[in-house]
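Some notes on the structure that comes next.
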Amino acid sequence: MDWLAHTFDGLLGLALLWLAWQAMHAPGLFRSVVSYMVFGLVMALIWVRLEAPDIALAEAAIGAGATGALLLSALARLKDGSDAGRLHWRHPAELVFWLPFAAVTALVLGLTAWQLPAPGLGVDVARTLGQSGVDNPVTAVLLNFRSFDTLLEIGVLLVGVVAIWSLGPAPSPIVPKMPSPALPALGRALFPVFVLAATYLLWRGSHAPGGAFQAGAVMGAGGILMVLAGARPWLTGEEQGPWRWLLSLGLVAMLAVAVAMAALAGTFFAYPPALAAPLILALEISAALSIALLMFAVYLCGRPPDHWEAED
Amino acid sequence: MFYAILACALFVLGLHGLFASTHMLRKLLSLNVLTSAVFLLLVTVADLTDPVDPVPHAIVLTGLVVTVSTTAVALALLIRLSPGGSDTARGRPEGDQ
Amino acid sequence: MTVVGVIGAALVVAGVPFFLFGTLGLLRLPDTYSRLHALAKGDNVGLGLVCLGLGLQSGSVLVTLKLLMIWVLMLIASATGAGLIARTALARGVKPHGL
Amino acid sequence: MNELFLILAVVLLLNTTVGLVRILSGPHPADRMLAAEMFSTSAVVIMLLLAFATDRPPLVDVALVFALLSALAVVTFVSRAWSALKPTTDTDDHDGGNR
Amino acid sequence: MVAPTHGLDQPANTPGAVIQRAGLNGWLRSQKRGSGLALRLAFYALIWLLLTRGDPGSWLWGLPAIAVAALFNPFEPSHRWRLSPAGLLRFSWLFLQLSVQGALDTAWRTLNPRQRLTPALVDYVWRLPPNGGRIFLANIINLMPGTLCVRITDDAMTMHTIGDSRLAVANVSRLESVIAGMLQQQVDADE
């Protein structure tokens, strides 16, 4: 039993280091990007080994899905896709710096990790879980105990989208000429599964691994797939009206709840235990919608056009 | 313990890549590797205690999403900085298809 | 250990060699097209056997069907993916080996 | 039984790690992509095996998400990267397909 | 209220256009055509049931999700076929048979690629009508023994075969007939 787990860990670690090395040092940017995509898959397996299925779900959707799509698309738009910038060992003497540096860093990191308070917060969270309104400790931490972090985090995503939109209109064509008639068929077959799976993850979030982040990431990645398969975004009325509202829905809802709670109880995000469950539910739904759309908006690399015409 | 060492090795690898590579895309990949190393360390520490500490898990979860948005912003900037990229941004058809 | 459980375990064990052959094909075959052949066929039968075997092991109909749903999703993805890569490769002028 | 599944998971992981050599050797972008695809199929299987060996049903959902999103990488690759990767831009021996 | 849950729209008929022309009801009606809304709803309900492993409390979430999945698919439904249950069974059986055969066949060739690999490109003329399962056939043959679809045109597809190409064509032809039976399409009997 034990040696099996150790072999498994060892193989994962080796693959991880090798892929990381490839991602940074391989000749050819394409090879780097593919290595990094596989790196994401290995990370998801490692999260499973470390008893973190919540993170594994998110990593499966983000690391293996959305980030890969982002990087590959960007690679296609970078015209100098040669091996420019390949990392060279200019002097063997660099090792004289890097080896001691590596040793010291490892030592400092290890010491820091060692000195962290031993029991952690696991006991506290388990003790107060009953008052939080949900049964999944990670969701409880995200949307109740430390919802301030989540608020800021959604804010960061929104700022990211604003930054990307302010760079100008999205590079055209947003979607290249459709290479195959099989793509719409694929999109048609997968769309319902994406909707159902994302809703399922959202539903599960209150009592088992899953929740707004995972659901949003799956739906966002699904949106990217749909657009690549030839669908045109639905929310493309004039001036992207509904886009903006939905993008900020998550942040607005969290702020509204926070301010309301501040008025009621005197503290940001201090939910009365009776209201906790429905409030977390509402926050989860709005956060999932926003995250899905934010992930999708981020993929466009610019402000979406007012009208989505079929490119040719 | 093994994963803590792995995280440290990954951290050093990522840091080296971040400083030593010259192409921006590679720097970005190194940055992502670096974040993964930090997440790995956090979760490894969380796994040491008996009821697994959910707080680092939640932090890593938000961190993952923030990393995607950072990557996306950096890539959008990168596309506009690259010599041919500005053409695509202005609407010139890409590729030769 | 019930009979169904034993059959399930046997199916899981039977599924794994297909992955080994898939990797062997990926490494040994001479061109992109034949590698696509090896991967698309081998991996999906392997995954199907593992899913079915694990489902039988669990002894629950719903779990078995859920695993089979994962298999069908993978089938859709890999059949379409293999076709997309093959068609794009030919359109971009990648010549098949031996022709 | 659980040991058996764990052994199979380790075998599969070893198998995929060996298969990753295709990322290194190419020669075509499509071949590297194939190696990534192979890894995602195997990751689904490993995840399922772990789910049943350690009795953690949430892992089945992780496998489901993997299966759902495995199409995304290929579709992005086909519709975007392939069109931009002219034979000369990837540094490897670009006529590998017509050896 | 334009359901904002997924943010996507259909390709040929731009979403906005449809809604402006026919209103939201028209768009919804266009989605109801095709393989039977009831059948689709039932199928999605089955998927939901499997996902949640039959948790009764989940249907409060499931029903809206099923409705969204069925009504707001951004791709136009293909509405030229009906599913025949007997045909579906026959297809599934042939599919399973051929995929196992295909996996064993490729494994055998992989063991000695130098002698057992005889690649060829074969044109296969469609017998299925356009819009009636051609794409399905083209995708499915990638999983069948020794065939890989490398080009699709209006009247034929090109297959890459490893091994006996006549056998491969015979298999594809058989599969085409079964698919036609499943989708209740007309194909020429002979060939």
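Labels for the chains are A, B, C, D and E, by order of writing; each one numbers its residues from 1.
The definition used in the following text is that contacts are C-beta pairs under 8 Å (C-beta built on N, C-alpha and C of every residue); 3 or more make two chains touch, one makes a residue touch a chain.
Everything numeric in this text was worked out from a predicted model, so none of it was measured.
Chemist: Please check whether dropping subunit B from consideration leaves the other chains as one piece, and if not, give the groups.
Modeler: Ignoring subunit B, the remaining chains still form one piece.
Chemist: Could you pull out the chain whose C-alpha mean position is farthest off from that of subunit B?
Modeler: Relative to subunit B, the chain whose C-alpha centre sits farthest away is E.
Chemist: Quick check: how many Å separate the C-alpha centres of subunit B and subunit C?
Modeler: 31
Chemist: Between subunit C and subunit D, what's the gap in Å when you average each chain's C-alpha atoms?
Modeler: Subunit C and subunit D have C-alpha centres separated by 12 Å.
Chemist: With chain centres defined as C-alpha means, what is the inter-centre distance between subunit A and subunit D in Å?
Modeler: Centre-to-centre distance between subunit A and subunit D: 20 Å.
Chemist: Just curious, how far off is subunit C from subunit A if you go by their C-alpha centres, in Å?
Modeler: A distance of 28 Å separates the two centres.
Chemist: Please list all residues of subunit B that touch 2 or more other chains.
Modeler: Correct list: 94-95, 97.
Chemist: Residues of subunit A that touch two or more other chains: which are they?
Modeler: Within subunit A, residues 75-77, 79, 176, 179-180, 182-183, 185-186, 190, 193, 197, 200, 229 contact more than one other chain.
Chemist: Residues of subunit D that contact two or more other chains, please.
Modeler: 33, 35, 64, 68, 70-71, 75, 77-78, 83-84
Chemist: Given the complex with subunit D, which residues does subunit A contribute to the contact?
Modeler: On the subunit A side, the touching residues are 1, 4-5, 7-8, 11-12, 14-15, 18-19, 22, 26-28, 30-31, 34-35, 37-38, 41, 44-45, 48, 53, 56-57, 60-61, 64-65, 68-69, 72-73, 75-77, 79, 81-83, 175-176, 178-180, 183, 186, 190, 193-194, 197, 200-201, 204, 208-210, 214, 218, 221-222, 224-225, 228-229.
Chemist: Which bits of subunit E are touching subunit A when the two form their complex?
Modeler: 2, 4-12, 14-16, 40, 44, 47-48, 51-52, 58, 61-62, 64-66, 68-70, 72-78, 135-136, 138-139, 152
Chemist: For the complex, give me every residue of subunit D touching subunit C.
Modeler: Checking each residue of subunit D against subunit C gives 1, 4-5, 8, 11-12, 15-16, 18-19, 21-22, 28, 30-31, 33-35, 37-38, 41-42, 44-45, 48-49, 52, 60, 63-64, 67-68, 70-71, 74-75, 77-78, 82, 97-99.
Chemist: In the complex, go through subunit D and note every residue touching subunit A.
Modeler: Residue positions touching the partner: 3, 6-7, 9-10, 13-14, 17, 20, 23-24, 26, 29, 32-33, 35-36, 39-40, 43, 46-47, 50, 56, 58-59, 61-62, 64-66, 68-73, 75-81, 83-85, 89-92.
Chemist: Tell me, which parts of subunit C touch subunit D in their complex?
Modeler: Answer in residue numbers: 1, 5, 9, 12-13, 15-16, 19-20, 22-23, 26-27, 30-32, 35-36, 39, 43-44, 46-47, 50-51, 54, 57-58, 63, 66-67, 69-70, 73-74, 76-78, 80-81, 84-85, 88-89, 92, 94-97.
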